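One chain, chain A, appears in both complexes that follow, with chain B as partner in the first and chain C in the second.
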Partner chain A sequence: MSDFRQIEFYKPNSHKYQLLPFRFTKLDDQSYVVTNLAGEFVVLPKELIPRLINHNLSDDNSFYVELRARHFLVDQSTAIARDLLAIKLRSRYDRLADFTSLHMFVVTLRCEHSCHYCQVSRKSADKLQFDMSLADADAALGLALRSPSPAIKIEFQGGEPLLNFGLIQHIVREAKRHGAGKRLAFVIATNLALVDREMLAFCYEHDINISTSLDGPRDLHNANRPRPGNDSYEKTIAGIRMAREFLGKDKVSALMTTTEASLDRIKDIVDEYVSQDFAVIFLRPLSPHGFAIKTKAYMRYNTDRWLDFYREGLEYIIALNKQGIALTEFYASTILAKMFTSRDPGFVDLMSPSGIGIAAVIYNYDGYVYASDESRMMAEVGDQHFQLGHVRHNSYGDIFLSPKLIEPLEDSFAYSNPMCHDCAFEPYCGADPVFHWALYKDHVGRKPESEFCRRNMAIFRHLITLMESDPFVRRLFLKWANKC
Partner chain B sequence: MLKLSGRIDPIRQREDARTALLTITTDPSLPVGIRDRFALLTDQPRDVTGYGAQLVSNSLEPIESPLPDATIYQLPNHFNYLKSGDIVYIDASRQFLNTLFRKGSHHNSILLTEQCNSYCLMCSQPPKKIDDSYLLRRALELIKLIPKDAQRLGFTGGEPTLYGDSLIELIKQTKLQLPCTSVDLLSNGRRFKDKEFARRFGAIKHPDCTIAVPVYSDDPVRHDYVVQALGAFDETIQGILNLKRFGQKVEIRIVLHRQTIDRLVQTCEFICRNLLFVDHVALMGLEITGFTRANLDLLWIDPYDYKDTLSEAVHILTSYGLNTSVYNHQLCVVNRDVEGSCCKSISDWKNEYLESCASCTRKCECGGFFSSSKLYKHSSHITPFV
Partner chain C sequence: MKVDVTFDSAAFSLDAVKTACYKFLDRFTPDIELCEGKIICHLSIDDKFSEAAVNANVDDLKKEVLDQDLRLKLKAETEPIRNLILAHAFSKTGLIADE
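Let's turn to the complex of A and B:
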């Protein structure tokens, strides 16, 4: 019908376009990945990059339409891109306004295990020396509930927190008494060796989650986690069963510590998680031994070995999903959430600004407040750099506005850091001032030398490459992104 | 297909015969004081007075005389679906009847205007430039008559927001008259680019009103082309943002045809990235009526040929947790992974099945066809499940 106009009528009259802020990096020999402020990405053939930048890309090109729709460029046909981009960017940083949501309480340093990679446990029976006092617990809880966050998660840590279960009960009850108006959640990080029915009945009553440790099959787990009787694995598995019986399957999750001994055992580890019926596995970076071993060559060697371990693990997990076994890899899913959504999943090790203090904070057994779990471990080996104050001797303002927190946050904000600022993967990455301080004694570090940077860049590239080459993986990753 | 409007033949028309909204009744002995609000449905003229009209439904038997002193119309057979409680509009001068509300149907839709500021390639209700504001006034009257327990009501056009604040008044009255009725309003959303207008609409605080707005592409040029209106994409997106800002429920609708299917997956990604806060997304099969028939060559694609694209689109939307529905598709032309999102969406009065569907074991789960699809064009891959 002549009444209707052709699509050409709706195209812009002019070939001029404006570029919106974006960054790009090489993906492989043929292609580049471009990312916008909101973390959306497009993989482009190499030769299109100069054309795009020199304003020579024609609107007949299908990539032109793609880039316009994903807010990399604007032309006469639309002006809404800036508004949408602004909304997405605001969503990404939304959680900053809520401030600290995760509050970790080290209720005791005592532990009946003696894992060699752990710097923060004591075999002492002296309760007074290594247990958190009631007064410190109450003061810490007061700080936690002062957080503007509408949702407060309290995580009990150790040592082995079940050794001081009475204090856990006290804190949970007090939190509920004083925390009306907050959405409260509780989790106990425990090896489960000491768990009993009374404890689990209490967990059920107060809706407490269990996060346990499972390093892999029996021999690996028991080698990593020595305890009297050498039965850590048996105790953990029995504990998982009992906890699931009381609390339901979804309330019990497991974390793996990666040691050198893990690196050749990825399939065994994944199989163990599958046979124990876990839906999520977290292939964690190598335990850094409290950053004790810091020679660059050693770090680099270990990063490479870990990356091989990670890639092999991810490949195996994808293959399992193809067979219909639903298993999610947590590290990938936090990154994918940032690639596919405007949410920040709030994984403390991969946030910018850094999550230290403002996403998570830790109250140590002795009442000292640290910006992160790693910073209290650093303190154990003599560096108090991230000690923010004491729960009874300092006010909320002293602690959370301490220059010891604000400065590393400002220093390490990736968007304004050298090299990070230009990096296409900055929207997916985080800042880790504690890691960089431990190695370089500054909060930023030198990115070409940073193993944090090397490790994450390699993963970002790997995830995008996997998705681009296999539609099944893209579908799977989209699900992971939204689960996280 | 039910015919919702048509001529009625006067058997006897009193001089005071009224043009009015009347509720159908079969009770000839209603209290005299309220009879003028009713049309008496009967198989023979009744010797009763005071009803707004008598509608004689039996055309086979001869009309008995003498006739009572009342306005009496002969109802053609195609109106024999009318039941007690339905609401009709009788135009005495044109001797015309419109069925406006069918009690018990979930598909009552009230046309508010035939005017529109878009000119969509596949419009099922081609716009007319006429003053039809009587439709809005009639709707205001109608909502007072609709029973309070009606579950759903639709308002449609044309483009209802062209009425501006009068539309807001209608929705407000609907909330007051029918507080328990869920309301759908079809709009292209462009008028809501005016933040103040969106604010006033949101301020109605209707407890269950959804504005269904079409977004045909993530590509502004393509969207503007489909709706044949320059700048419409930006206005619609801005409108959705404004509506959500003021707490208004919004559904996004995408009609699937050859001009939208190529970017359907990207369009769904766009919705998930930019408009994740909408309340529902509906992916809709093409109705072969209005402009669609004129533009059929431009628009037609067999649903069987885009079934993988549809699966991908549904996968994306549901992965992001968006409420997703697939409307107007038959189960035999979608992949299994889409079945869970398929709805029986076609309004009951224009919903049919093919002869070959008779043997299908899943017919009762299937949404079937538009009457127009059956008549003019449907997938050539319709295969009964056996």
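Let's turn to the complex of A and C:
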């Protein structure tokens, strides 16, 4: 008989639960988002917040079970909740100990395009002094393979990296020769204007992915990305087709940059990605780095205008998915992965601590090492703040224990920053010291004035609101989260 | 032009006021004085600045002091967690000496 619980056990009770750590932030006039350390979230009607905190929430309340299941409270029937929360938290930080997995090589700064928004220096195609030397490439590769990460991704950047394809071939071969035991992956970030069959045959042989730039339909792309002949779009599309033919469709991805001219063209841009058969689009704003600041391209639209663009784009992408056209928005899917899973997708801008140096690092054409791609863009306009050392003149320890890395890393714990500390969205956000340094000459920035904070808070709120108001969107977003 | 800005030392730390003033060295020269529970910043500001600009700078300084004070407090409070996570990040690099 003792196998049966007494009837009191099943009666609704309030008071008999303990709270686990959580934060809450207003979502709208009626509701709050409540999140915990592991990034689990629940949207609660605002009148429930004081009841929850004052231990007056009855276990027959419809939110009670959800709060218990997501580790916001523990009661007598959830003995392992604390352990589960700890496991999920540990999973979120699991990737950190692998240290730097993305190693970017700027094999040349030369480029035959002259894009207005280009965030690095544009040099004419004949200036060989802007190519990375063999000695610097070998030294950089030594640093990359010294990383404890079992998976090393080497990304070739420029300029236009295909202008120095010989060095790419050398680095790939040497990486395979010296990187036994590592899972190696290679990506070339290229405008594809110069790609040819020999290059693609090499890419096929070595399983190299292609990441290209596609800003939208022909007129927009060509206006954004001028080159001799004004045929950037035609070259890119032909390059995409040829690359897919050699490598397969999933090996070719594209990135777009939002310029002022893009703002009223979101549907055209999305339609272009659909018509080119891409499954993913990344609606990203201009970064405040390098020449984007110098040429004032960054100043041409503000955060609110970009957010309108983003919301409109997301709405259109959701509508397409409702029609059966599968298209994922990358930034949303990155955030959703943080909301719905216990793993961190490792997107440098949305990491806390920041991913600079410890998730990604860049070896510039001249052998100098920078904490991130954006850091070297800043260096091109004279700000060496995040220059960590030189591949041949400094040791691994000099570079990765440099105060130029450790100090911004320490400052980049969102949890330690005013306003972020209490923000329910902190588990999804990052601190991005490079962004704040570029705009405010401060690694942290004052959050009420930070465009980074405003942009991301608006996106977090928007994603949650969309999910709360439409079950289709919730299912779609769950799919995106698990794909990321 | 001389302007005095006063902070209550019970509410703000001296370090926060000094850090905030340091960030404004391109806009004024501070002379910091402790007096009966107050931190008084005597600011010397170039006469080329208009009154409106001076007021804006003073407002900005007050915001900065509040921000820096919270940063220092949170930094101290969260130091163990930060150190634990950073140590975890560097744990396999071979760059951290055993202690």
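The criterion applied here is as follows: the second predicted complex is superposed on the first by the 449 of 484 C-alpha atoms of A that agree within 3 Å, B and C clash if a C-alpha of one lies under 4 Å from a C-alpha of the other, contacts with A are read in each partner's own complex, and residues count from 1 in each chain.
Following the convention adopted for this analysis, a contact is a pair of C-beta atoms (placed from the backbone, for glycine too) under 8 Å apart; a residue touches a chain by one contact, two chains touch by 3 or more.
Please read all numbers here as calculations on a predicted model, not as lab measurements.
Of the two partner chains placed by superposition, A:Ala180 touches none, neither chain B nor chain C. Looking at the shared chain after the overlay, A:Glu40 reaches chain B, while chain C stays out of its contact range.
Taking chain B and chain C in turn and counting the residues of chain A each one touches, the greater count comes from B.
Judged by the touch definition given at the top, the superposed model places A:Leu128 against neither chain B nor chain C.
Of the two partner chains, chain C is the only one touched by A:Ala97; chain B is not. Look at A:Ala79: by the touch rule set out above, it reaches chain B but stays clear of chain C. In the superposition on chain A, contact is made by A:Ser342 with chain B only, not with chain C.
On chain A, the surface touched by chain B in one complex and the surface touched by chain C in the other have no residue in common.
Of all residues in chain C, those touching chain A in their complex are 23, 63-64, 67, 70-71, 74-75, 78, 81-82, 85-86, 88-95.
Of all the residues in chain A, the ones that touch chain C in their complex are 93, 96-99, 147-148, 353, 358, 396-397, 400-401, 409-410, 413, 415-418, 421, 442, 444, 446. Partner chain A is touched in their complex by these residues of chain B: 119, 121, 218-222, 224-225, 228, 230, 233-234, 237-238, 241, 263, 266, 270, 272-274, 276, 291, 294-295, 315-316, 319-321. By the touch criterion given at the top, residues 1, 3-7, 9-12, 38, 40, 59, 65-66, 68-70, 77-80, 83-84, 87-88, 340-342, 475, 478-479, 481-482 of chain A touch chain B in their complex.
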